[in-house]
Amino acid sequence: MSLAILQATVADAVHAVIDAGRVSAARGWVPATSGNFSARGQDGRIAITASGVDKGALTAADVLEIPLDALPPAGSSAETGLHLALYRRDPAIGAVVHIHSTHATVLSRRQASAREIRLEGYELLKAFAGIRTHATRLAVPIFPNSQDIAALADEVDRRLGSAPPAPGYLLAGHGLYAWGATMRDALRHAEAFEFLFGCELVGAAA
Amino acid sequence: MSLAILQATVADAVHAVIDAGRVSAARGWVPATSGNFSARGQDGRIAITASGVDKGALTAADVLEIPLDALPPAGSSAETGLHLALYRRDPAIGAVVHIHSTHATVLSRRQASAREIRLEGYELLKAFAGIRTHATRLAVPIFPNSQDIAALADEVDRRLGSAPPAPGYLLAGHGLYAWGATMRDALRHAEAFEFLFGCELVGAAA
Amino acid sequence: MSLAILQATVADAVHAVIDAGRVSAARGWVPATSGNFSARGQDGRIAITASGVDKGALTAADVLEIPLDALPPAGSSAETGLHLALYRRDPAIGAVVHIHSTHATVLSRRQASAREIRLEGYELLKAFAGIRTHATRLAVPIFPNSQDIAALADEVDRRLGSAPPAPGYLLAGHGLYAWGATMRDALRHAEAFEFLFGCELVGAAA
Amino acid sequence: MSLAILQATVADAVHAVIDAGRVSAARGWVPATSGNFSARGQDGRIAITASGVDKGALTAADVLEIPLDALPPAGSSAETGLHLALYRRDPAIGAVVHIHSTHATVLSRRQASAREIRLEGYELLKAFAGIRTHATRLAVPIFPNSQDIAALADEVDRRLGSAPPAPGYLLAGHGLYAWGATMRDALRHAEAFEFLFGCELVGAAA
């Protein structure tokens, strides 16, 4: 899997968003039109899902192409600002996925007061770039959910700092944001988080 | 997703019922020929699944078209009366789905004596029309199960009143009724309830 | 769903067995070549799966046609005797399914010393022929597992008596036997048992 | 299912690896490019998945063909050494699968200090060659996870000895290794382990 395709054409970016929605819907990650997906195009604009559509059946008409530094246009999702803030803070980010899985929702509520989930001793931690051994303690940040997206984006940006511990964070009772250099990377990271959250929940119940 | 298609032709209504059955069967919501589905046609008649058929393999022959105010005909499901009562009480309802999921069944039994399930702090509450923030406490009504459908329909009608808290209710040990302006809305509401019930159960177990 | 097709041709019986295997494999009911399926043909012979084959990919060559009263031939499953005993005791039985689901396995172990599982207050109890209300208490018999199939078949026959409480029983740590007038009925019964066992387990965990 | 196909051509071995990846991905056993698969070819070389590829979409270009006794080449998975050690110790082994399921991960962590999982009283134990009754106690070995694959391979080899209790072992927090005479056998063994681990976890939670 190549990490080199950092700059896709806009058409590629739209296509990646459509594919990501279909894959995520098949996994049950975007119930009831929730979730949103974006990818950065070669011209710097961001292809991102519009508000309220079924993410498993996207067409190009459901994907907006917006400049990085303008205000989100009409029809855009309320959470567009959280996507844009990630692209602005790190030019190496090429794709962002936001999903609402049962695992992410339950675990983010349970750990909300701790403000993080610690993942430790899992071989699958090596799915994240830069981690080379299971003997790692990774703290995934959790933020209180908010409908004030601008304030939330600022809070995320401050806390992640210059070296985020992991390519993702949780909003309590809401879901997971994950990112990567390409959409393939962002989806692999989301899949790894999902697996690890599932292990934490099953391990706590058994 | 348009809420404008309030009045489908009868053929559209039959088609929506067949599709809803197939989607719901694929999700495991209608085990052992359980569940039933209906949609209101342009002429005011209701297209509704017949009794005892496999909801994942419906044909037009399995869908009855019945007047809103007559007694359910031979071959109709015992629960037809619960569907008709919803259409009579609110002209904005265009489709009703009744499903028997594990989540709805277990949670409705566990909470039967409380007569409701409170859902609070979930971003996905915004999937229901009129809810704009996760900082909402939604009480989903639970009714004791009964084989006296006429009496049950009356009880539901009285308790829901003029402003139901949510587009759905539970029958204890039985399943979920959910509705919407269109079949797409009714299915989205069912999917949102299912997700939230699943979070409650997984959260209680972990 | 017609209960009238009590006597299928032998070719129909073989076809029903192949279909039942495919459906059951898709649901995860027959892991690692476990499970077996049979149907009674018009000539009184029983079409039954051979030993050790993948039940999700059966061909006619994997289905044996055997007389009701002879000893099981070479290549037949060790559990053929349990199928034949059911057909002998009740001429109204047209099909038998034996599955190894997680739910049936775990619950049959947990309840082994009680020798039964009581199911009560579930609407889905009405999926079983003759049950017309959720206000029913159904006791599903559990037998200790045994490799002495002849002795086990006799014990089952004695305990079921002339009026079995339900169209099925469990072998502890092993799985479910369910039956019906047709394969469709037997599969519907298996699906209802599975759902109810799942509700019991999820309800106990939550 | 024939155990006789012990020596496949190299092309057959590559094909078996590709198929095993697709089957395993569909079951959720190889999240986030984890897992690896190998088969022994007729010429003694081992066909094995390369590092870091999506196991659900393998092509022949993703499968390396390597000699049994050489050092793993560039592009091979870090865990290639664990596969080769199994082929070297037993000429009857024709295929090895390594998967990262939630069940295997959670159970291997929970039982890590006991260094084994005991499986007892399950009919499905008979899925393993040589086991003829459920009245068996099978101890599946668990090893501490390690990034030093050569040392780990030696430790596995010593502990398994000349007569391993089961055709598989666990790495704590990491996953399952399972093997068989053919890829079909290795996958059937993996499926049986998965089912039994799932029963243990569900049984502990309920």
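Things to note:
Chains: A, B, C and D, in written order; residue numbering restarts at 1 for each.
By our rule, a residue touches a chain if its C-beta (ideal position, glycine included) is under 8 Å from a C-beta of that chain, and two chains touch if they have at least 3 such contacts.
These numbers were taken from a predicted model, which means no experiment stands behind them.
Chains that touch both chain A and chain C: B, D.
Two copies of one chain, chain A and chain D, form a contact in which under half of the residue numbers belong to both partners. Averaged C-alpha coordinates give centres for chain C and chain D that are 32 Å from one another.
The distance from the centre of chain B to the centre of chain D, each centre being the mean of the chain's C-alpha atoms, comes to 45 Å. Multi-chain contact residues of chain B, defined as those touching 2 or more other chains: 205.
Under the contact rule defined at the top, the touching pairs of chains are A-B, A-D, B-C, C-D. On chain A, the positions that touch chain B within their shared complex are 31-34, 52-54, 100, 102-103, 105-107, 109-110, 145, 147, 171-175, 201, 204-205. Contact residues on chain B toward chain A in their complex (touch as defined above): 1, 121-124, 127, 132-135, 188-189, 191-192, 194-195, 198-199, 202-203, 205-206.
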